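In the two assemblies presented below, chain A is common to both, partnered first by chain B and then by chain C.
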Partner chain A sequence: MNEIIESVKNLSIGFNSQKGKQISILRNVSTNIKKGETVGIVGESGSGKSTLALAMMGYIKQGLFPLKGECLFKSKDLLKMSSRQLEKIRGRKIAMIPQNAGQALTPNLKIGYQIDEALKLHTDLNKTERDKKISELLNKVRLPSPETMAFRYPHELSGGQQQRVAVAMALAGKPDLLLLDEPTTGLDVTTQAHVLELLRFIAKDTGTSMIYVSHDLGAIAQVSDRIVVMYAGEIVLEGPARKILKEPIHPYTYGLLKSIPKLSLAGLPASMPGSQPQPGSINEGCSFYDRCNLATDNCKKNSPDLEHIKELDTNVRCFNYRELINQNNNLQTSITKKLNNSEANEVLKLMDVSISYAKQKFFDQLLNKISDQNPTVKDINIDIKKGETIALVGESGSGKSTILKSIAGLLKTKDGQIKFENDRILSSDLKMRNPNDLRAIQLIFQNPDESLNPNHTVEQILSQPLKLYFNLSGEELKKNIIDLLKKVRLGEFYMSRYPRQLSGGEKQRVAVARAFAAKPDIILCDEVTSALDVSVQAAVLNLLQQLKEDLGTTYVFVSHDLAVVRAISDRVAVLYQGRLCEIGPSQNVYKFPSHPYTEVLLGAVLEPDPDIKPKLVAEDIVEEKPPEKGCSFQGRCPRKIGDICNLEVPPWQIGENGNAIRCHINIDELASLQQ
Partner chain B sequence: MLLLILKRIGLGLITLFIVSLITFVGVEVLPGDACTTYLEREAYGAALDACIKRLGLDVPAYERYLDWASNVVRGDFGYSLSGEMPINEVLGPRVKNSLVLASVSILIGIPLAIVLGIITALWRDKLPDIMISTITIFSMTIPEFISATLLILVVAIWLGWLPGIVIIPSDATFYELLSNIILPVVAISMIMTAHMARMVRSSVIQVMASDYVQMAILKGVPYWKMVFRHVLPNALLPAINVVALTIAWLLGGVVVTEVVFNYPGLGRLVIESISNRDLPVVQALAIILASIYVGINLIADLMTLMLNPRLKSLQIRK
Partner chain C sequence: MESNLITEDKHKNKLEKAFEILKTMASKPSGLIGLSIVLFHVVLALLSPYIAPYDYKAISPNTMLLAPSAEHWFGTDSLGRDVFTRTILGGRTALTVTFFGSLIALLWGGLLGIFCGLVGGKIDDVVMRVVDAFLSIPWILAMLLIVSLLGTSTEVLIPALGFFYGKGIVRVARAATHDVIAKDFIVSARARGHSNMSIIWNEIIPNVRDAILVEGAMRWSWMLLGFSSLSFLGFGVSPPTPDWGLMISNARGLMSFAYWSVIAPIVGLSSLIIGINLTADAFAKALGIDRSTKAPV
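Let's turn to the complex of A and B:
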């Protein structure tokens, strides 16, 4: 167990800036990987974690080069090897499982060929032995019918299956060390939990060492023996997983853990101020100085060394870590938010809304109707009260974004009505809506990089809705823009900046400001925090909550992240395959009894706590189309009772606390089953 | 799949129909008719009447169109005015000559372009790339009539290695043609090759930066194996359509080059028949060139469809 297989010594990697300055992305990183252990490397985007992981395979991305230090694999420096020598090690001794298997599998080659390629390169097996081995490997990663799977192309598999193929490919060469670069990011919650479970099984089964790189402390907590926390290209904390997650003694890790929304806690997570510094911007002092609440003058001038603390078996890079020891009992706290007054009037009503993506047949086009018997979204009835935050939750394909687009008028509904304020019907055609209705409903998109025009300054971006809806100009326009920026906590000087000059969190704030510029009644939030780092996510969530409390806006909040939804929403609607499964006040939806699908989702959530393991109750199969008859969840339901589920649409049952569940199982019975 | 191919072919036929209509209408609305333009100052009295009778211009336009179109479908383009011989006989050798010129250019140009594109992409920003890229960009910017003229000046006049203009009858054999077409081929393929090489280069560079290539490297796949198995099939696929467009676009280059070199091909026939006001021939040429254009694009579409596993299974599933 104590044999070191790879050791990184004083590694710095950097690039030359346009001004000819040397800028480091990794600074003086040292760590050891022991045989059979799983090390989690955690950090936010830009912390250098992927660069470190790739360097451990002797791979340095184009444009970067090693400045100093070495990566010793079995005491040979990978960074000094020729590509011939590296080909012998990659895939055979150290193998990689990539972040996005969908893009990391070569599209024109069949799955079987790609695994065979690794076998041919790294083993001496002959053709028949290799074919047998391919089946074995596909079986090991629990892919259905391995024989036919080998003849499929990557695009014919679901995201989870692609990831499993990547795992099989990595295992082909029987490596001593597996590198996993965000292997579950981008997968659905239930799929993610299944893939993690598989990885844990493989680590145990084969005794392979693993390096697990992720931004997600929840995933890291599930697999790691040891955790390395990176910040701005440095290791700031390193130690046994349990210690790091339960008693973090670095202020960054402490803040990071506090900013993660947790299922068990209502209310918003505490946010950390600021964002990670850009590479090259720190010349002296601690890189965490300007975000740290323990910082002293010493921290500004001197940068702390990584200090080994014997009694905790931990390395920490902080002068003041002692203040955090014994102070960790308040990790499980959150900011309580003002509850919505549920007596308020309904502002938006969805009545029997169905939406279809089916292509119109020629005659239907003429008659302007859609004749799809099994639409993507069906029978959605939701009343949204003024000033509340209602969340739509579900995995990909659940129709949550589709509903949002329909409310915004971007997608026509097939059936049903959307009523706005005093039962006025909103046309499903955007062009038919009046300007005031358009103003009243605003959208915030998932990715601010794509929703903000890169050629416009912040001032131009914010002035567009103000000009369009309120005809402002000159001084008044400018005053309004400054007010808006102030509302989202950005200074006046941001006006002249372009989106590329802003950090991810700042961009999303501008997007929020743009939505609020229209003085809307309803804001539709489409996965608004998914593209953000955890610490920034908490800040944006807090901002949204603050704005809502001040201005009384109504949010329709779409997310796949149940913990985020728990933090922000007053009410939750759970969707599967475009059909409502459960709806109710969020504190009740997160309690049992709940719909079997909600139960599956809740069980699969990964908490940043090694003691809370996900519960895998349903298979992570992907259904392409909703079933034509019966309950939408029949295909995966762990509590299916029989034919009635296949044939009849289940009835709504109302629980004690007002959450409605659509299931054939009696609600009291569900409660006792789920105890 | 079959349905899709039939659909594409159908669309191509519709395009051709529209082209034929446009050319016919275009010819119709010109002031005067084929006889007046052809006979010029003698276009009066008995000669004009005889001509009109001979060409059947006294029947209404739509009837003439139907008549003409039904003949074209059967492969008969009617009579040319100047030679007073069947257009098919005029066209036959010209089509052959132009096909020889174009296909030799394509056979040399496409492989060369692919090789150059790959070299420049793999040695990106290194010496081979800088040299080849400079040359390709340079030859892209020179229009054919200038490069052709320069080639004649340097190779034919100063060096005296090859004939400057083609002085062979239009029914010359393939071997007679070959020594004569070297310079025209160079002139045509220069621009075409340059365009395609740039396209292949950017496509290969894009694929080289993809996740799956990084994955192949990290899997331990040797460099050249990775290039041939993982990079090229994916990089060349999108190039097929561009190649088709370039070939179609090459037709225009062929016209210009043929005139400069006095080459007896379709291109020169276009110019000749236009200046002779030989409208039936112009009509025939328009249809032929359009069919080539449509045909090449059809082939390219079908090839992409066959080679791309994504599109293939998409079609089958539907």
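Let's turn to the complex of A and C:
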């Protein structure tokens, strides 16, 4: 177990800037990977984790070059090898699984054929041996019916299944070291939990060493024996997984763990100020200095070395780490938020809303009628109270964004009505809405790179709604823009910046400011923190909460992340295949009894804690379409009771906690089943 | 502190940005050569009426087909006119006609393309079919028809050329618009209730402008060739207007013994075409580089 297979020594990698300066994005990185060990490399985007992982298989991205140091694989330096020599090692000795395995598979070749190619390339087996090996591999990665799976094309598999095929292909050459770069990012929660479970099993079963790169401490916690934390191109903390996650002794790791919303905790996570410095902007001192609350003058001038602490079996890069030893019971705290008073009036009502994407027949188009027996979204009834935050959760494709779009008037409803203030019906056609209704409902999108015009300055972006709704100009316009920036904690000098000159969190703040510029009553938030780093996510969540408490705005908050939803929402509605499963106050939905789908979702959440394992109760299959009849969850329900689930739409039942559940199982029975 | 992300073009106004682009274009040899050629032609065209040594239309039987000399640098043509005078004035004609022609192509092609890209669906289909159908007629034949109906004045040639060379621009503008309208910032503007005009002006044009301008510059060099071909065939500007196509056409038969009268316009035409092409290339590259100045992290 103690044999080292790969050893990185003092590795620095960098590039030449346009002004001809050398800028390093990895600085002095040293670490060892032992045989049979799974090492998690965690860090925010831009921390250099992928660059490190790629260098560990002897690959340096174009435009970058090694400045110093070496990557020794079985005592040979990968960075000095010719591409011939590397070819012999890659795939055979070191294999890699990328983030989007679906894209890495060749679309027009059958799965079996592609695995066979990998076997031909990396082993000396003959045809019959290879055929046997293919079904063995497909079995090992637990794909259903491996015999027929080999004859399918990649697009016939779900994202999770494609990822399993990628694992099978990587295992084809019996590698000593498996590199995984964000292998479950982008998969649904339930799928993610399944894939991680598989990886853990494979690591144990085959004794392969793994390097697992991710920004997600929840995923890292599930698979790693040891964790390496990267920040701004350096290793800041390294040690046994349990120690790092439970007693982090570096201020960054400590803050990072505190900024992750957790299922077990109500209230908002604490946020860290600022964001990671850009490569090349750190000259002297500790790279975390700007954001650190333990920083002293010494940290500003001198940069700490990675220090080995024998008792803890940990390496840490911090002068003041001692202050954090035994501090860590504090990890389980969060910021309490003001709960919304439930007596308020309703501002928005969704009444029997159904939405269809089906292409309409010519005749129906003429009659302006939408006919679709099985629409994407069906029978949605939600009353939204003034000033509350209601969350819609569900896996991707569950219709969350679809519902938001139709509230915003971007998508016509098939049936049902959307009523706004005093039961006035909102037209489902944007063009028919009056300007005041348009102003009252604003949207914030997932990815600020897409939602901000790259050719506009922040000033131009924010003046759009101000000009449109309030006819502002000149000094008054400028004053309002500055006020808005202040509201989202950005300085006046941001006005002349373009989106590409801002960090992810700053961009999303601008998007938030643009929504608030309209002085809206309701803001529709579509996965607004999903594209952000965790430490930044916490700051944006806190900002949204603060603004809401100050201004009394109502949020409809869409997310696939149950922990985030728990942190921010007053009420939760759980969706499966465009149908409501459960709705209720959030502190109650997270207790039992839950709808069987809520139970599955909650079970699959990955907590950044090696002692909380996900509960995998349902298969991670992906359904293409909602079922025509009966309960929407019948295809995957682990508690299904029989034909009644297939035939009849389940009734609503109200639990004593106040959450409503749509299931054929009696609610008291569900409670006792789940206890 | 050097952070190539944050400090870059922080306080630059439009003029400074244009200058920056020019600088980037000139930083590569091909761009520098292209820019110099174009600049040379433009300056010459502007000054030509003042520096032309002779009257471009003065016919003189005494000076027919003289070889290059101190008095007539490029010699004289079959009617005894000074070839140097006619060459520099010819450049002025070519540049004026094609510059304004390209402008028209840019305007109608760009706007129609953006419109089609924005509305999409049936209207887009129909408009694109009509544009294709119109322009599948060989343009030389169509020009012949137009010229014979309306004459060969520049007031006819400029819009006609602009019309025929706008087709490619329609396609480019439409494709660029298609890419842009899928983005959330357009959805966001629509959801706020901005009018189509405001969305085109504020959200789409700033994002498709570069692609359209580059295409326009490319079309310009093609139009130059097209325009000269027209004159060469006799459908372009009419004599005695000094024009390269006409000059080449007139001198063609005399090539074997009075090569000078044909060399100057050919050199003028090809150098300008090459110059514009190189410039357009450098322009595209400069804008492309501008878009990807992100650090390769």
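Quick notes on this structure:
The working rule: the second predicted complex is superposed on the first by the 674 of 675 C-alpha atoms of A that agree within 3 Å, B and C clash if a C-alpha of one lies under 4 Å from a C-alpha of the other, contacts with A are read in each partner's own complex, and residues count from 1 in each chain.
Keep this in mind: a residue touches a chain if its C-beta (ideal position, glycine included) is under 8 Å from a C-beta of that chain, and two chains touch if they have at least 3 such contacts.
Quick caveat, the model's predicted, so the values are computed rather than measured.
Residue contacts after overlaying the shared chain place A:M169 against chain B, while chain C stays out of touching range. Chain A is touched at more residues by one of its partners, and among chain B and chain C that partner is C. In the superposed model, A:P465 makes contact with chain C only, not with chain B. In the superposition on chain A, contact of A:S451 is made with chain C only, not with chain B.
Of the two partner chains, chain B is the only one touched by A:A104; chain C is not.
In the superposed pair of complexes, A:Y153 makes contact with chain B only, with no contact to chain C.
Of the two partner chains placed by superposition, only chain B is touched by A:E117; chain C is not. Of the two partner chains, chain C is the only one touched by A:N283; chain B is not. When both complexes are overlaid on chain A, the residue A:I644 reaches neither chain B nor chain C. In the three-chain superposition model, chain A touches both chain B and chain C at residues 62. Partner chain A is touched in their complex by these residues of chain C: 1-6, 8-11, 183-185, 187-194, 198, 202-203, 206-207, 293-297. Residues 15, 17-19, 21, 23, 25, 46, 48, 51, 61-64, 278-281, 283, 408-410, 430, 433, 435, 438-439, 441-443, 445-447, 450-456, 460, 464-465, 468, 496-498, 500-501, 514, 518 of chain A touch chain C in their complex. For chain A in complex with chain B, the residues that touch the partner chain are 54, 57, 59, 62, 83, 86-92, 95-96, 98-100, 103-109, 117-118, 121-122, 153, 155-156, 166, 169, 173.
Residues 209-223, 229-230, 233-234, 237, 308-310, 313 of chain B touch chain A in their complex.
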